[in-house]
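Shared between the two complexes below is chain A, which pairs with chain B and chain C, respectively.
Presenting the complex of A and B:
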């Protein structure tokens, strides 16, 4: 199968990158065995979740150049589907997660069709709007707990429960997420090598040229958007099982959407490692800003100010983020 | 008849850019399309490729009415084009970009890569394959877009000023590439060009457009000696020999 070969083929990357990624993978595998604090563990879990969110965003936002600021709605759909399915009908995670992905993808087709008639800033604004509308709906919808949200009681579902994905120790979630993370990297690598991936990069470059090359621009964007959606929704499902307490405000707010986009943009939009690098920088920073400066020093909202600042710096200095800076540095070094 | 444009009218607001343009391109022909700036040459290409809708008239390609088809479906039928104004911004390199063209005929990456490499070799652009398109000077980028268009394996290729901005030596090179595409690869070609040394040398037939109308159609020698063409475009002192 060519798809599987493409997913496992990293030969087009420089040797040094492949070795480095092996080292990182090894570190991630042995991380729980190292004597780190539980705060570090929680941060690593957040890192894995947000890295996968960022990879999802990177397909349409990075490779396709369509700045999507509404990814939180799919975090919400994924999180709510698994939680509601569990609480109302006792449907296990491994059924409700694919179900959530299916609902998200269906929703993404429904809104993607009109959304991708728009371009540039108009598209970005419309994605924000759809996400906010969905959040507002969930805030008044009693069946899903309205604004209070839903809570998964550990008394009712005693851990460890592999079917429902209820655990007490973080390490279970860690390894599960690590599995998803590796799978996400392989799917990303497949996408990068697929006809769709090439087409998206051409669309980002110039849509009129893309059309002349036989690319159905509108449909290619919708398909990629659906792929991005599946990534985000799956992680939203795990995220909900991990935090066990979901509200429209923490799952579907604009902050989450912006943060997801930032992961990929800071790390390097349109590169394989970009979202991972972005998450590795931003997630610890987010924890620090929110828990420490926000809660302890009373500087509530400081995180949003810093994110805004990062967006400005990326836009002004290097649109391809940290990865772009690295490639520029490498290019200078190899030039005679 | 491979391409037939019949009574094509294109209005931009109150401006009639194309006024009942009719012309035909036979299979395996190389047709030059010339005319002064603003004559409607690029608009004509845009109508044929489907990038702008026509106001009135018909376009038939390979016996099929394509007037209402979106551009990507026309490309699938075998209609390829390049753009007059194009500057790459993305991070695709020449090989990857050519593969985008090849992906029109296959979904497999290995196959697309083979087609792309073969096309680049045919067009003498293989040494550029690792270069980022956006880092190549704009005249060179046009040659790359030509390769990408050829990689879609078209029946007809519409080239919009591929030689603009090149020096005489490079023009000679491009002339060779276009002849190769036309003669050896057997692709019917329509060429918009201001460089007379190129268009008059390799075209089998020339169509002259002025103010949205076809004012002359014929063999290159007939066209350059036509008083209307001289008045509208070439100028009184034009001597083809001097452009070489």
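Presenting the complex of A and C:
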């Protein structure tokens, strides 16, 4: 009960933010009714997926200050679990998604225990290393399709299939993802108010003080890492059903890990809305840049050049991201 | 037979390791002096490789003569990166430093993709290309690798002597040990940081110029070497220059693990050992090694910084 009350409690936020978030939620709900192109729809789906990934990263990376650059391995585990379960044993999505989450969380405990003995840069690089090891493994493992990956054929499962999550129209995926998105926001809000969330923020501010206060630092980090993993793995499962074609290079590469971290960081790591803002800015920008400048003008890689440049500017000018800029502006305005 | 395969693998690993230690040199100096991890390190290497390739293609000179050009370009690049970008990053938290250099990596990599295209390119002609040398009686080594290894050791020694023997090198070391105290002694730490970036940039582009003699270059080549360099720096100890050399040799041998595996399977004659696709895990061992090193000895072999 306590947890649910916490999850639905937005009272500590300023009223303007609450109204604004209601407006955004309403817009997201009616979005498919508006006359937008299928390209815009695909972009919105990408936005929802990456917003949830970013929220997952934000628990450990934003609130906890542990820079994790290996989230792609959990995208991979989630995506592969559902796809393999569907192709090999015809297990429906609603069973295989929790299964994938369980496997991911188990794996996160296994590597989290040693990983969190490291700090700072050492931790960040070690997460990359574990992610790359897993990717190398998947690239030679014949059972999961090795480097070619797996393909879900829509012919075999006639859409719309609500049990296996095979649809033809993007709208179905959109509303499904929107449901996950709202759920993720509520879980995030619960986390913010939970004892674990407070502990983690204390660890971020000063680990020595946290230890002195009797917080089990190592265990708190591992638990939060598992929560982040569950987020990312669940979304990885949906992602796999949506793109229907997964291979190690696409789902588990370092670029995905970095992208996830960037979403949260650009929007503002360690704030409730940060990852959502980051995804809302970066995803449309990336896909439009790729579409207009990459495909139409033949400038391959221009999207990522601009992307990298923006990251550099944000990191150098305002490390707290767009949310930090907003708060600074608000602080200036309200100051006497 | 088995011993020959083993010798071949170990020699190849050692030679590659000598080049790798120069790759890691810049990273360890930059980390030692200013506690910042440069994720764009592999991209600097890629720039060095393209420099070697393009200079030899357009002037028709041997790729080895492109090394000074690569050093100048790398030094300039390091200097510009420091003054325009990294200086600003130092004010922020670690998260900003990590992601900032990551942004630099994306930027440089995709700039190369835009300019040079995504295909593999390699050097076709040169003094050393296509020849091989026999050493230790039965061990065949491509002369490109041997030449690159010898030059790498020379470059490494030169940098080491510069840091250990000259006054500027000592100032650099002082900045690494305690920037505050160094500032009291009248050392401009800002300039020393810039110097670290110049040496780091020049070192890694020279390594790229050496590497391109026997390694095809494409815009994505950087990440692998960034990870290799991180492993070497972790093993040798963050900030330790001699550590980087010995760790480079060890990591070089780890990358030749498939050859060692072959030798063992030849020696034992066990059938199952042939069936393991060890060659696909060539670099997996390096990543695993990083993980294990960090857990067992976080300070590395020669490290003093934590």
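Here is the rule we use: the second predicted complex is superposed on the first by the 315 of 336 C-alpha atoms of A that agree within 3 Å, B and C clash if a C-alpha of one lies under 4 Å from a C-alpha of the other, contacts with A are read in each partner's own complex, and residues count from 1 in each chain.
Note that a contact is a pair of C-beta atoms (placed from the backbone, for glycine too) under 8 Å apart; a residue touches a chain by one contact, two chains touch by 3 or more.
As the structure is a computational prediction, the values presented were derived from the model and not from experiment.
**Student:** Tell me the contact category for A:151 with respect to chain B and chain C: first, second, both or neither.
**Tutor:** Neither partner.
**Student:** Please name the chain, chain B or chain C, that touches the greater number of residues in chain A.
**Tutor:** Comparing touch counts on chain A for chain B and chain C gives C.
**Student:** Name the contact category of A:290: first (chain B only), second (chain C only), both, or neither.
**Tutor:** It touches nothing on chain B or chain C.
**Student:** Quick check on the complex: what are the chain C residues that touch chain A?
**Tutor:** My answer: residues 37, 85, 88-89, 92-100, 102-111, 113-114, 117-118, 219, 223, 227, 230, 234, 277, 280-281, 283-284, 287-288, 290-291, 294-295, 298.
**Student:** Quick one: in the complex, what on chain B touches chain A?
**Tutor:** Listed in rising order, the residues of chain B that touch chain A are 49-51, 70-73, 75-76, 80-81, 83, 86, 88-92, 96-97, 99-101, 103-104, 106-110, 112, 133, 145, 148-149, 152.
**Student:** Considering the complex alone, what residue numbers of chain A touch chain C?
**Tutor:** So the residues of chain A in touch with chain C come to 61, 65, 67, 69, 114, 117-118, 120-122, 124-126, 128-130, 132-133, 136-137, 139-140, 254, 258, 261-262, 265, 269, 299-305, 307-312, 314-317, 319.
**Student:** Inside the complex, what are the residues of chain A that reach chain B?
**Tutor:** Per the stated touch rule, the residues are 2, 6, 193-195, 198-199, 201-202, 204-206, 208-217, 270, 320.
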